[in-house]
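The next block holds one structure in the form of C-alpha cells; read it before the comments.
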Amino acid sequence: MTIITLSHGTAIILFCIGLYTIISKRNLFKTVIGLSLMESSVLLLIVAAGFVQGGRPPILPIEGIAVNPLPHAFTLTAIVIGASDLALALAFVIKLHQRYKTVDLDKIRGLRG
Amino acid sequence: MSKSCFLRIVTFLLCLALGWQFWKGILALEPTQIIIGPAAHYIESAAEETGATNIVAAILFDYRALDTLGEASVIYTSVCGIAMLFAKSKFKISSTGLSFIVKRGVSFIIPFLLLYAAGIVLMGHISPGGGFQGGAVFATATILFCIVYGSGFEAVMIKPKTKELIESSGALMFVLIGFVGLWTGAGFLANIAAGYPKGEVGRFLSGGSIPLLNIAVGMKVSAGLSTIFYSMIKLLEFEVTKHPGVKNK
Amino acid sequence: MISLLTVLIPLTWAFLIPLIHIFRKTWLKRAILLFGIAVFFVTISAAISGWKQSALSFLGGWPAELGIVLIVDKLSAAFLFLSAIGGGAAFLASYGRLKEGPWRYYVIFFLLQASMNGVLITGDIFNLYVFYEVFSLAAYLLVAFTISWQAIEAGLKYLVLGTIGAFFILLGIAYIFMATGSLNMAVLSLVLPHIPNEALTVIAASLLIGLFIKIGAFPVHFWLPDAHSSAQTAVSALLSGVVVKVSIYTLLRLSLLLFLETKPAVFTVITVVGTLSVLGGHLMALRQEDIKRLLAYSTVAQIGYVLIGVGTGMAAGISAAFFHAINHMFMKVGLFIAAGHIAEDMKTRNIYDLRGLYHHRRWFVIVFSLLTAAIVGIHPLGGFMSKWYLMLAATKAGNVIPALALAFGTVISAFYYMRVLSFFYSSGDPPPRQTYPYWNLAIAGACALCCVFLGIVPLVPSLWKLVSDIGLNAVDTAEYISTMLSK
Amino acid sequence: MEILKFSFVFDKLSLSMAMLALFMAISISIFSLDYVEKKQAKERRFFVLSPWMFCVFSCMALFSGDWFFFGVFLEMSSIMLFFMILPLNFRTALYYLLTQLSGSLLVFVGAAIMIAERGSAAMGPVPPHLLWLFLSGLGIKTALLGLHFWLPKVHSEAPTPTSALLSGFSVKLGIYGLIRLASLPATDVLMVLGPSMALYGIIQAISQHDAKRLLAYHTISQLGYIVTAIGTGTALGIVAGVYHTVAHALFKGLLFLCIGSIEKAYGTRDLSLWGHGTARAFPVTFAFFLVGALAISGFPGMSGFASKAMIKASLKENSFYTVVWILQAANVGTVLSFCKLSYYGFFFKGDVVRKAPHYNPLLSYKKRIFQNTGMALLAFMTIFLGICPQLLPNFMGMNFGNFFETEALLSAIIPIFTGGILFIVFKKTLTPGKHKIYDLDFLLIKLYGILTLCPTIVAKIHTGKLRQYTIHVIIAALVIFFFLART
C-alpha cells in the first residue's frame, strides 16, 4: 500500500467520520467539529492529488521533480473558505446559545412542520 | 440492543456505504505520477511568466488571482457578518490581564512576531508564505494582546474602526491593483503583461504585482481575523460580567 | 470587459461602503442608492452585450487552459438578466424598509450580488466553487440578519446543510481534478468522456447531491422553508427569486457541459428529484398556516417544475425551465414582498389572523391575488405559459409521469392559494395599522404587471425567439467550447 | 420551440353550439336581472354580465382549432363559473374549480403528448393510447359515470343562474369535446358509459329529496342519452347528440330557473317542505316548469321528443336494440321522478302542516318581469324546436323526415303513461324524506380523510432536527450513487 492510497483512504474515512459526527452528536459544537473534519478530509484528498513520487516543493530552484503546485493553491483557498464557514457557524452557535440557553441540537427545533 | 444504539449502527453503516462509493471512485482512477493539465505549464514557465519563484504564489496571485479575490471576499463576508451579528453587544472590560512577568515577556516577543509576519507577507513570492499566512500571524499578535493585557488594551490601541479601515482598504487595494491590468488592456489582475516590473527572478523585488497583492491580502486578513476574535470576545465578556442580580437591557 | 465589471463593481461597492461609513457618514444614504442603481445597470448591460455575442474576458491575459475565463453566453446572459431584475427589486424593497440603516447589510447584499454574477459568468469550475461559497455565506448571513431566534436557527440550519453540500461539491471537484488535472469547464467537457465510469459516477453524484442541497430540491430541501420564511421581507424575495435560480443555473451548466453525453442518467435523476419536489413541496404547503412558510414550500414545488424542465436535457426543456424561472422570479418576489409587508404590518404571519384584509388593504390584496393567479397558472398570465411549455418539453422527452405530477401539483396549489385568498376576502377586521405601504406596493405591483406581460411573450414571435434561443444555445456545448478555447 | 398560434374551426357543429351558448347567455342574463335585489348593485351587475363573459369564453373554446386552446378556454369558462358560485358558497366554488382544473389539465397533458408525437394537436380523434387522458379529462367536465362526483353537489349548491349555465352549457362543452373525439375506440367506451349513465342518473334522481340535486341527477341521465348517441359514431348519431344537447340545454336551463325561483321563495331546496299550493302561488312559473318537465319526458311537440326520437333512430340504425330498451326504461324513470317533483313540489297537501323556514310570499311572480322573460325565452325555444323539429338537422345538413310517425309517437308516449301509472302506484314510497342517499361524493369525503394523511406523512419528516435532515442527505446521496453506478 503506497502512501498515496493510504492518504486517500484516510480522507474518505475522515469524511465518513465527519458526517457521522454531525448525525450522531447532539452538541452543536461537535456538529461544527464534524464540519471541520469533513473539510479537512476533502482538503487532504485535494493535496494528495498533487503528490508525485519523490517530488520537491514547487519553489524554484527545484532539484529534481516538483509536486503538482495547483492543489496547493486550491487547498489554500479552500482552507480560508472553510475557516470562514466555521467562524460563521460558531458565531451562529453563540447567538443561538444566547436565545435557547442550550447547545443541544435536538432542542433547537423551533422551526418545523 | 436499544433503539438508539441500533440507529447509531445503521447511520454509521450508511456513512460507510457512502465512503465505499467514494472509495470505488478512487480505485478506478489509477494514480498518475506525471503532472497533467495546466500544472505542467506552471512548473515549467511560472518563473519567467510571473517573476515569482514560489509557484504556488504565482498560481494564487497571478494565474488564478480571481480565486484569491473570491477567497478574500469570503473572509470579508464572514467578518462583516460576524461583526453584524455582534454589533449590538456592548464591550466591557473585565480582565486586567496576566502577571507582570508575562506582560514584559510578551512585549519582548511582539516586535519579533510582527517582523516575522511582515517577512511572511513580503517574501510570499520567493518563499513559502504569503498574505494569508502572514496576516494570520499578525492577527495572532493582536489576540496575544488581548490574552496578556486584558481585552481593554487592544480596544484602546487599535480601534475597531481602524481595523475596518485597514480591512476595506486592503480589499480595495487588491481590486485597484487588478484594475491597472484592465487599464493597460492586458486583462484584470494581469501581472507582467500589465507593465508591472518583473524584476530579477529570485530577488526580493521581483514578481511584479504579486508582493503588492500579498500586502493587500495581508492587511485584509490580519484586520479581519482580529475583528472576528474581538467580536466574539465582546459577547463572552458580556456573558461573564452579567451579575445575576442586575437586569440588563 | 463589461462582463467582468458585473462582478467587480458590486465587489468594489462592498469594499467601499465601510470607508464611506468611516469618513463621510452623511453620504451613505445617497451612495448606497447610487451603488444599487449602478449594479443594476451594469448587470443589465453585461447581459445585453453577452446576448448579442458571447463575451469573454481572460483574467490576467492568460488563455483559458491556464487562467480563469469569464464568459457570458446566452444562457449566462439570460440568468444575469434575471439576477439583475430580482436583485434590483430586492434592493429597492430593502432600501425602502431600512434606508441606509445598517450599512453592513448592504455590504453583504452587494457581496451577494457580486458573487451571484460571478457564478453566472465564470468558466472555471474551482472559481465557481469559490464564488459559490461567497454567495452561500452572504445568503446565510442575510437570513440571520434580523437576529431573531427564528432567523438565527434558520441561518444555522442553512449553514450546516449548505456547508455539507459545499463539501460534496468540493469533493466532486477534487475527483475531477484527480482524474483530469484541469479545471476549465470547456476543457473538462472535452476530456471527461475519457475517464473511467466509476469515477464519473462519483463526480456526477457528488456534484448532484451538493447542488440539490443548495437548490433546495425535495428530499434535501429542509433548510429552504426555514430560511425563506424566517428572513426579512426583501431577503426572502431575493432568496426565493434569485438565489435559488443561480443554483439552478449551476446545475444546468454543469450537467449540460459535463454529463450530457457521458452520463445521461444524470438527467433522469434531475427529473425524478424535480417530480418529488413538485409533489412534496405542494403537499407541505397545503398544511401551512404561516403565510411566508407557505410561500417557501411553494418555492420548493416551483423549483421542482424548473428541474423537470432541466431534466429533459433538450433545448425546449431548458428554454421552458428558464421561462418558468423568470416567471417564478417575478411571482415570488412580488408575493414575498406583498406577504412580508402584510405580515410586518399586521404583526402576524398566521393566515387565520389575516381575515378581512381586503377591506383594509385593498390594493395589496388585489396585487396578491393577481400574483397568486399567475403562480397557480391561470390563463393569460406568465405562470400558465411556462407550465405549458414545461409540460410540452417533458412529454417530448417521454416523461409522462412528471407531466402528470405537474398537472396534479397545479390543482393542489390552486387549493391552498385559494384558501389563503378566501381568508383575505372574508369579512372580519384586523387592526387597521398602516405603515408606508407604497414602496412595497409599487414593487409587488410591478412584478404583477411583468407576470401579465410574460403571458403574452409566447404569442409574439420575436420575443419568443429570445426565449427559445436560450435553450438552443445551452445545448450547443460545442460552440461554448470553441468560444472558450478560441484564444 | 413553437409559438402559440390560434387556429380557428368554423363548421356547423361549432356554429350551432355557439348559437346555443349565445341564447343561454341572453336568457340567463335577463333572468339574473331579477335574481339579485336592486340594492346590491355590484352583485347584480356581476350576475348580469358574467353569463356574457362565460359565453365569450365558451365560444372561443368552440371555435378553437386545437386541443390546447380548447383546454385553455374550457378552463377559463370554468373559472368564470367559479366566480359565479363564489358569492354564495366558497367551499362549493373551490370544489368545482379544483375538479374542473384537474379535468382541463388532463386535456393539457394529452395535448402535450399529442404535440410531442405528431407535431400538432388539431381538434379531432386522438391516438388510442392517449384516449384515457382525453376521456378522463373531458369526462370530468361531462360527468361521465365515475367522474360525476362533483356534479350533484355543485349543481345543487350553486346560485340559480349558475346552475342553469352549468347544466345548460358548461357540461355541453365537454360533450362538444367528446363529439370531436368520436372515433372507434372512443365510441365503444362511450357506448358502454352512456346507457349506464342514463340509468344511474335516474335511479339516483328518483330517491332525491333535494329539488336541485334531483335535477342535477337528471342532467347526468340526459347526458347519458347524449353520450350514447355520440357512441354510435355515425353521422346520424352525432346530429342526434347535438340535437339532444341543444334541447337539454334549453329545457334543463328552464327547469333550473323555475326550481331556483321557487327555492328562493321558500328559502330551502328540500322537497318535503314545499307544496301547499305552490302551483297557485306561482302559476307562471309552474307553467314554465310543466313545459320543461314535458320536454324532458319526451312528450310529442316538445324538443325532447324530437331529439330522443333521433337518438333512438340512430341506435336502431346500428341495431343497438338493447340500448334502446335501456333508454326507454330510463325514460320511464324520468317521468316517474318528474311526477314526484311536480306533485310534491307544487300540489302536495300533507296531514302535518309543514312550513318552510323562510317562506316569503312577497316574492310573487308579478313583480318578476325579467325573471319570467328569461324563462319564457327558454320555454319558447323548447316548444319551437318541438314544433319544427326539422330545423336543426337541416341546419346540420341531415335530412331526417320521420319525426311524427306512429312508431316514434308510440315509443314516446308509452313510457310517459307507464311512468304516470307507476307514480300513482308507488306514490307513498316516493315521499321525500330525510334519508341519506349514497353517491360517490360521500365516498370522496371519506377519501378526503385519507388524502389529508399524505401531507401529514410528508410533514413527519420535517422534525426540525438537523441530525435527521443530515440522514436524509446521506440517504439521498446513496440512492443517487446507486442509481448512477448502475448505468
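Going in written order, the chains are labelled A, B, C and D, and every chain counts its residues from 1.
Methods note: contacts are C-beta pairs under 8 Å (C-beta built on N, C-alpha and C of every residue); 3 or more make two chains touch, one makes a residue touch a chain.
Source: prediction; values computed, not measured.
J.: Looking at B-C and A-B, which one has the bigger number of contacting C-beta pairs?
T.: Result of the comparison of B-C and A-B: B-C.
J.: Of the chains present, which has its C-alpha mean closest to the combined C-alpha mean?
T.: Closest chain centre to the overall C-alpha centroid: C.
J.: Cα centroid separation between subunit B and subunit C, in whole Å?
T.: 30
J.: Quick one: subunit A and subunit B, Cα centre-to-centre, how many Å?
T.: Averaging C-alpha atoms per chain gives centres 16 Å apart.
J.: From the mean C-alpha coordinate of subunit C to that of subunit D, what's the distance rounded to whole Å?
T.: Centre separation, subunit C to subunit D: 44 Å.
J.: For subunit A and subunit C, let me know how many angstrom lie between their CA-based centres, rounded off.
T.: 28
J.: Out of subunit D, which residues touch more than one other chain, so two or more?
T.: Subunit D, residues with two or more chain partners: 459, 462, 466, 470-471, 474-475, 477, 481, 485.
J.: Indicate the residues of subunit C shared as contacts by at least two other chains.
T.: 126, 130, 133, 137, 140-141, 144, 147, 156-157, 160, 164, 171, 178, 181, 198, 201-202, 205, 225, 287
J.: Listing for subunit B: what residues touch at least two other chains?
T.: Residues 11, 15, 18, 21-22, 24, 35, 37-39, 42, 64, 67, 70-71, 74, 77-78, 81, 85.
J.: Where on subunit A does subunit B make contact in their complex?
T.: 2, 4-5, 8-9, 12-13, 15-17, 19-20, 23-24, 50-53, 57-62, 66, 68-70, 72-73, 76-77, 80-81, 83-85, 87-88, 90-92, 94-95, 98
J.: Considering only the defined contacts, which subunit B positions touch subunit C in the complex?
T.: Those residues of subunit B that touch subunit C are 21-22, 24-25, 27-29, 32, 35-39, 41-42, 62-67, 69-71, 73-74, 76-78, 80-81, 83-85, 87-88, 161, 164-165, 167-169, 171-172, 175, 178-179, 181-182, 186-191, 193-194.
J.: If we count contacts the way the header does, which residues on subunit C are in touch with subunit A in the complex?
T.: Touching subunit A from subunit C are residues 126, 130, 133, 137, 140-141, 144, 147, 149-150, 152-157, 159-160, 163-164, 166-167, 170-171, 174, 177-178, 181, 225-226, 229-230, 287-288.
J.: Within the complex, which stretch of subunit B touches subunit D?
T.: Checking each residue of subunit B against subunit D gives 11, 14-15, 17-18, 21, 24.
J.: Which residues of subunit B touch subunit A once you look at their complex with the stated criterion?
T.: Result: residues 8, 11-12, 15-16, 18-19, 22-23, 26, 31, 33-35, 37-39, 42-43, 46-47, 53-56, 59-60, 64, 67-68, 70-71, 74-75, 77-78, 81-82, 85-86, 126-128, 130, 132, 201-202, 228, 231-232, 235-236, 239 of subunit B touch subunit A.
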